[in-house]
Amino acid sequence: MELLLLLTLPIAGAAVLGLIGADRRAPEINALFSLGTLLAACALVVRVIRHGDLLLGEEQFFIDPFNVFLVALTAFVGLTTALFSRPYMRVELEHGRLSSGRLRLYHSMYQLFMFTMLLALTTNNMGLMWVAMEGATLSTVLLVTLYRTPGSLEAGWKYFILCGVGIAQALFGTILLYVAAEKVLGAQGMTALLWTHLDAVKAQLEPTVLTLAFVFLLIGYGTKVGLVPLHSWLPDAHAEGPTPISAVLSGLLLNVALYAVVRSKVLVEGSLHSELPSMMLMGFGLLSVVLASLLLWRQRDIKRLFAYSSIEHMGIATFAFGMGGPIANFAALLHMTVHSLTKSSIFFTAGHAAQKTGTQLMEHIRGLITLSPTVGWGLMLGSLAILGVPPFGVFTSEFLILTTAMRTQPWATPILLAALAVAFAAIFSKVQPMVFGETSGRRLPHPPALLPVFAHLAIVLLLGLYIPPYLADWYRAAAHLIGGP
Amino acid sequence: MTHLSLYQQLLDACAALLLLLSFAMLSQRRVVTLVNLYAVQGAVLAAATLLLAWRTGEGHLYLSAALTLALKVAFLPWLLHRLIRRLEVYWDTEPLLNVSGTMLAGLVIVVFAFALAQPITRLTSTATRSAIGIAVSVVLLAFLMMITRRKAMSQVVGFLSMENGVFFGAMSASYGMPMVVELGVALDVLVAVLVLGVFFFQIRERFESLDLHHLESLKEHE
Amino acid sequence: MLLVGCIALLLGWMGIGLAGLLRPRSVALTGRFLFPLGALLGFALAGLAAASLVGGGIERLIVPLGLPGLPAHLRLDPLSSVFLVLLGASSGGISLFAGGYFRAGEGTPPGLLCLQYHLFLASMGLVLIADDAYSFLVAWEVMALSSYFLVVTQHRMAEIRSAGFLYLLMAHVGAICLLLSFGVLQGGSWQFTFAAMRAAHLSPGWAAAAFMLALVGFGAKAGLVPLHVWLPEAHPAAPSPVSALMSGVMLKTAVYGMLRVGLDLLGPPVWWWGLAPLILGLLTIFYGVLFAAVQTDMKRLLAYSSVENIGIVFTGIGLTIVFAGSGMKAVAALALLATLYHCLNHSFMKSLLFLGTGSVLHATGERNLGRLGGLIHRMPWVAWLTLIGTLAIAGLPPLNGFVSEWLLLQSFLFADHLPHAFVNLLIPMGMALVALGAALAGYVMVKFYGVIFLGQPREASLAQAHDCGWLERVGLTWLALGCLALGLFPLQVINALGAVTRQLIGAAVPQASPHWWLLAPVPGRPVSYGPLVFLTATLAVVLLTVFGVRLTYHQRVRRGPAWDCGFGALTPRMQDTAEGFGQPIRHLFQSFFEIERELPAPADRAPHYRIAIRERIWKLAYEPIAGAVERLANTAARVQQGRISIYLLYSFATLLVLLAVALMS
Amino acid sequence: MSALDWITQVLEMVVALAAAPALLGWVNQCRAWLQNRRAPSLWLPYRSLHKLFHKEAVIAENASPLFRIAPYVVFGAMVLAAGIIPSMGTRLPLVVSADAIALVGLLAAARMFMTLAAMDVGTAFGTLGARREMMVGFLAEPALLMVIFVASLVSSSTALPAITEHLASGHLGLSPGLAFSAVAFILVLLAENARIPVDNPATHLELTMIHEAMVLEYSARHLALMEWGAQLKLFNYVCIGFALFLPWGVATGHIGPVGLLVAIPALAVKLAAAGAGLALIETVSAKMRVMRIPEFLGTAFLFAVLGLLVHVLLGA
């Protein structure tokens, strides 16, 4: 029931807004649908907590701690982003960067995007998951090009082609998975692509084929996660799209893609009993962290800067999943959570900052703290949080990840730490002059919606100081289910 | 089996034809011909599917054959041709890697693909398993083509033929995927092309051409 | 339960800070009410900690915060108590001063300042009672963060922003080293509580690694050369009460950490570990005092002097470890005593001086020594109270600075019994450097005090300078009294500190003499020092002289113009400038400085002399590192070509490579 | 602490007060003789002090109270120092509460007040003198400390009387370390007491002067105290020298009146000899440029440290 609501509400939203998306109250409607989705998600969470894992819709849907917390997160950030985009898009409309028609497109696509992500999370069918992931690309690609500027078109094209190609590889991987599975499960029925069944028989699956399948899946979904060297689309798409989209892309889509990768890793590792998948994940993770932290130095565009930081953090999480084990997985899940919360809030503030100063070039953004203290402090605290400064939650996860790395992969620890230090210097040296110093900007017709920002940061702060026991158990369950050495 | 049944021969022929078509696309520079080749590829794919369906009597294979025919032979080529006419992009410029070089790379890739296909072939019991290698090489060749082309249009064709390869792989490895998935895939491909159509016009109205060198401004390295 | 009391007080500080947000712009609320309240809490904290120090017991508490697997462990033992006393006592004085100091205007509004300030205090307290790596690091970084925000209060000035950035960056790098150090310290138990670290048995190599990492981490915070670069930038940038807190208290938390790791967590130390802090400390003493001597900005001067004092403290730590490692417990205890004593002293003296400069800054708006002078007439309170601090930090008896240096020299004099020949040769050098440092400190302090408060005002505007308000006076007086008390009652302080030496070394410093006024800490040697007697004797002699002169002769005094050697008008410009006063040092130790001069040409209409002094360390260490990262970044940027075909090629290559790998395996 | 100890204590101070000007006078006489000039009377210093005390004090307008306090502090410090140094007896009650390090601290305190007072009026000469005085001080002070440390390492105590007793008990010849430090000490003594070659006590308004430049603003009783203080300083340094290197004749152990009767003439003889020696040095050496002074003192410091090293190498 909850699930039905969870999936139908966004679809309905997409349909409704597709009709009246240009209406004056469209943003509120958008927010309302998101709110409904969130409520459904909460109901689902409650149910999972109460009755444990769920198999629904003749096994096509499967809810366990791992994806239910991502569902909750997605729905929550979906709502806050909708709230944020309410004044933001109005301002864009008044600045004449958008037509009402495109606003309609934006609203309906936003809901569609939510739907695809929730579908990808909740489905039990690897094939459907692939469909949903591709759907996510398709629904956002037009949002990236919403402004029709040369930059946005280029970004959209790269996004489309690279992710499209990647996703095609993922499809091939899925097929191989199916091939391997049907040997064991038989072709009759459609159980051969159902994750639960695959998970049950993973020990008997043919290792070599599964390895190949994993490679294809990793390349495919990894492209969406933004793992170096498959990341090239990410900074462009984040920088050129409208800020709310950057927020959900970075805060949610990457998580969902990583979720897909991890799901497949669980299967492969189960059949393989070899280090290979872990090594691959760790390699990708490390490479992403290092390259991203270096590229941070040269950024001039604020959204691009934080796009690269997203690559870095996804790298950290991937590395952690690669290490595996209860603590690392726990930390990685925590990291996904805090990163998506923090990063989306940063994009909110960055968006307001860009609107106030009329540019995304950082050297022209100055003195936010005097221009609008809330935005300034939001950006400052958000950046510090994302840089892993206590008492914010990012530090918690990084602490766990690093200490685990010291234990299991001592060779990687110095590299990670060096990269983190470099990233700190790079980002902070750019954020500080934006927040402090003499101001250069104008007031906005609509007051910025900063409730989301501080809501997110408050949660992140809380997670840094105190992780509520039920949340901890929940993470632990998920971590246990991901397994690893 | 020492001597192959007619059906087997036909199927292998189809596979070979597909590979040939991929190479043809790799070398072809005229966009219109590229689209035609894509259509033919789709047709061969449909034929193969039909054969399989007739042999194995799997109901859903007929359906997917029909789907292929409708989508990849009829609709998409028609759409692409319309786009070409509307946007007047008939020729692709000189590819980044010259034809012979591309061919050479293609050959290497085919060898690699067959090596890759070995374990899968060993695993599967389908009559068509020998074709898996071809499917893989079709995918990789399409990839190569996308890398070497300069026009958005030809990249899209490459993308589509890659999808063909994947589809053929599914076909030959396991008589196709569950219906839900196939429908989903088909839907996605359809939407993708539609989105692309929109895209082309946007790019066009912005740059007066579909040449990709317009789309190289976002970068770190200057 | 004293620990609970301490926690309550720390929470109280946070509460005060939040209360500041009620009316962010109201100076009346924050200045007249909140800051004094915070001061009271500080005194209360000092009281509690002192009680637990005298009790000498250890209290533990586990709070269900932090990581799920690792709740926050808190612990109150003699070592932390000492530093809590330090924190409470000197922060009390500083808060009182701050109450009168902060006023509305540019930069951060007072309410927010109040929050950051008290958060800073609370986090320092938390650092001292944290008993597991996680909560320690959290508190540690919150401390850095809150102080960073305090440093950039005047964020409109570019140099202040860059100072803040440098500070936070160094703090972060230091924290990373600490994280590594803790990672080594847990020694395979993967329990990050300090208790587990105490229990862990490390191989000698790993133990040394942990020690050195900790040395880097804490050294970066304490300002140990060559990691001190942030300090002379950040201290002048911050508002004076904050400089006082940072220099007087925050640096000491780093010392605390060093002692905690080196003598507590690592268990019985190996003697040669001590050489690193010893040598670095001596280097730091010399380096710091040299640069202090050539400064022209009064707060930079004090900052460098802090570097010097940190050097003294780390020298003490080094000696302690060398002795303890060589099994000479009694002397180790003596050296540790000197270390702790100097921490206490410095927190009072340096806070006093920084607050003094704060008042001067408020009264004149000048930080440049070249534009000050003669303020003893305009602001007698500040001048006379600062004089106490000046004499104390110059290490003159009977004030407190002398006591710790006396103890340190005594422990040096023991070292000739060390079983290690090499160290035995090192020790005389050490003594010489300490003595030289002390003498140079005198030089620096004469320059500091003489140029600011004595002579004739170098600018006409100084005539408007006004003395500080009553709250400031109370704060300054408190700190000055602290300097006196620490100087005059060393025996009582040392007895209190005995608990710490017993905890860390397992030995207490014996008291050879039966008298309560006589300090005789060295067993078996006729060595003693009685400041009270010393003071009374001096006073007696001086007073006798005064009365003698007055009784035997007349006491007529006439005021007249200063003797101008018949030259005519004496202008204030004829006095020695700060540059002039530092000239001998500059001349003697040229090789240490990177000097650029602008000498006036003979034919100049308006002759102008300018001299800028930089540290060579920038060119030697820091700029190369930054350059290397920059180059790496540029190379990395080549990856992002902007051409989609290249990007596709990346994916393709990755795919092929991974597939190949998969086939191989 | 018997009454006799206290008597010794007071006696030492009184003797110092009384003999210090005489010592200066004696040095000047010897110098005059060596330079075959007509020597001034031995009592000249007393007379000039007396005269100065009688004069009316003139103080610069912008002199702060510090300026008036300083002479008393400096003078007091020197008197107290005289009480700490075992010039005649070693059983000195005060010494218990102030050892050699404290003594050096005391001298440093005197210097500090002197320089601050010199900077107080804010004339070119005052600040110049103060700067040079500190330049001398920051090298001479540690050198003196090192010298004392050699002795205290030899006798394992930092209390001067203990050192003296230990050395006087004579069961060791002059140790090599002490030899080095003796040289260092003489250099320090010259520098600290503004003697040639470091400073020329006989000149005024010369650009190389140090001590005189500092007291330039003083007059009458303040000047008298400063001068007397300077003379005491010389006396003290000489006595430190005796205590460290020529401890003989000092009444060690529990002295009776007899011991004192021995000690006073011994001291007188040693002072006479030292004065002559000082005069000789001043005669044969020439005043050096100001910026050469650090090198001079650097040598002293080096010698002192060498002394320490040598002691550690050979002694320990």
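Residue numbering begins at 1 within each chain, and the chains themselves are lettered A, B, C and D in the order written.
The criterion applied here is as follows: contacts are C-beta pairs under 8 Å (C-beta built on N, C-alpha and C of every residue); 3 or more make two chains touch, one makes a residue touch a chain.
Since the model is a prediction, treat every value here as computed from it, not as a measurement.
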{"item": "B-C or A-B - the one linked by more C-beta pairs in contact", "value": "A-B"}
{"item": "Central chain of the complex, centres being mean CA coordinates", "value": "C"}
{"item": "Label of the chain whose CA centroid is most distant from the centroid of subunit A", "value": "D"}
{"item": "Centre-to-centre distance between subunit B and subunit A (centres being mean Cα positions), rounded to whole Å", "value": "31"}
{"item": "Distance from the mean Cα position of subunit D to that of subunit B, given in whole angstrom", "value": "102"}
{"item": "Computed distance of Cα centres, subunit D from subunit A, in Å", "value": "79"}
{"item": "Euclidean distance of C-alpha centroids - subunit B vs subunit C, Å", "value": "70"}
{"item": "Of all residues in subunit B, the ones touching two or more other chains", "value": "116, 143, 146, 155, 215-218, 220"}
{"item": "Multi-partner residues of subunit C (each touching 2 or more other chains)", "value": "636-637, 639-640, 644, 648, 655, 659, 663"}
{"item": "Touching two or more other chains - residues of subunit A", "value": "157-158, 161, 165, 169, 208, 212, 235, 295, 298"}
{"item": "All pairs of touching chains, each written as two labels joined by a dash", "value": "A-B, A-C, B-C, C-D"}
{"item": "Complex contacts: residues of subunit A adjacent to subunit B", "value": "60, 125, 127-128, 130-131, 134-135, 138, 141-142, 145, 148, 150-151, 153-158, 160-161, 164-165, 168-169, 171-172, 174-176, 178-180, 182-183, 187, 190, 192-193, 206, 208-209, 212, 235-236, 239-240, 295, 298"}
{"item": "Residues on subunit D engaged by subunit C in the complex (per definition of touch)", "value": "53-54, 56-62, 64, 66, 72-73, 75-77, 79-80, 83, 94, 96-99, 101-102, 105-106, 108-109, 111-112, 115-116, 119-128, 130-132, 134-135, 137-139, 141-142, 145-146, 149, 152-153, 156-159, 162, 205, 216-217, 221, 225, 291, 294, 301, 304-305, 308-309, 312-313, 315-316"}
{"item": "Complex contact set, residues of subunit A against subunit C", "value": "157-158, 161-162, 165-166, 169, 208, 211-212, 214-216, 218-219, 223, 228-230, 232-233, 235, 274, 276, 280, 291, 294-295, 297-298, 327, 367, 369, 384, 387, 389-391, 395-396, 399-400, 402-403, 406-407, 413, 417, 420-422, 424-425, 428-429, 432-433, 436-438, 464-467, 469, 472, 476"}
{"item": "Residues on subunit C engaged by subunit D in the complex (per definition of touch)", "value": "373-374, 376-377, 387, 391, 394-397, 402, 406, 409-410, 413, 416-417, 424-425, 427-429, 431-432, 435-436, 438-440, 442-443, 445-447, 449-451, 454-456, 517-518, 525-534, 537-538, 541-542, 545-546, 549, 552-554, 556-565, 570, 572, 574-576, 580-581, 583-584, 587-588"}
{"item": "Contacting residues of subunit B [partner subunit C, same complex]", "value": "96, 112, 115-116, 140, 143-144, 146-150, 155, 212, 215-221"}
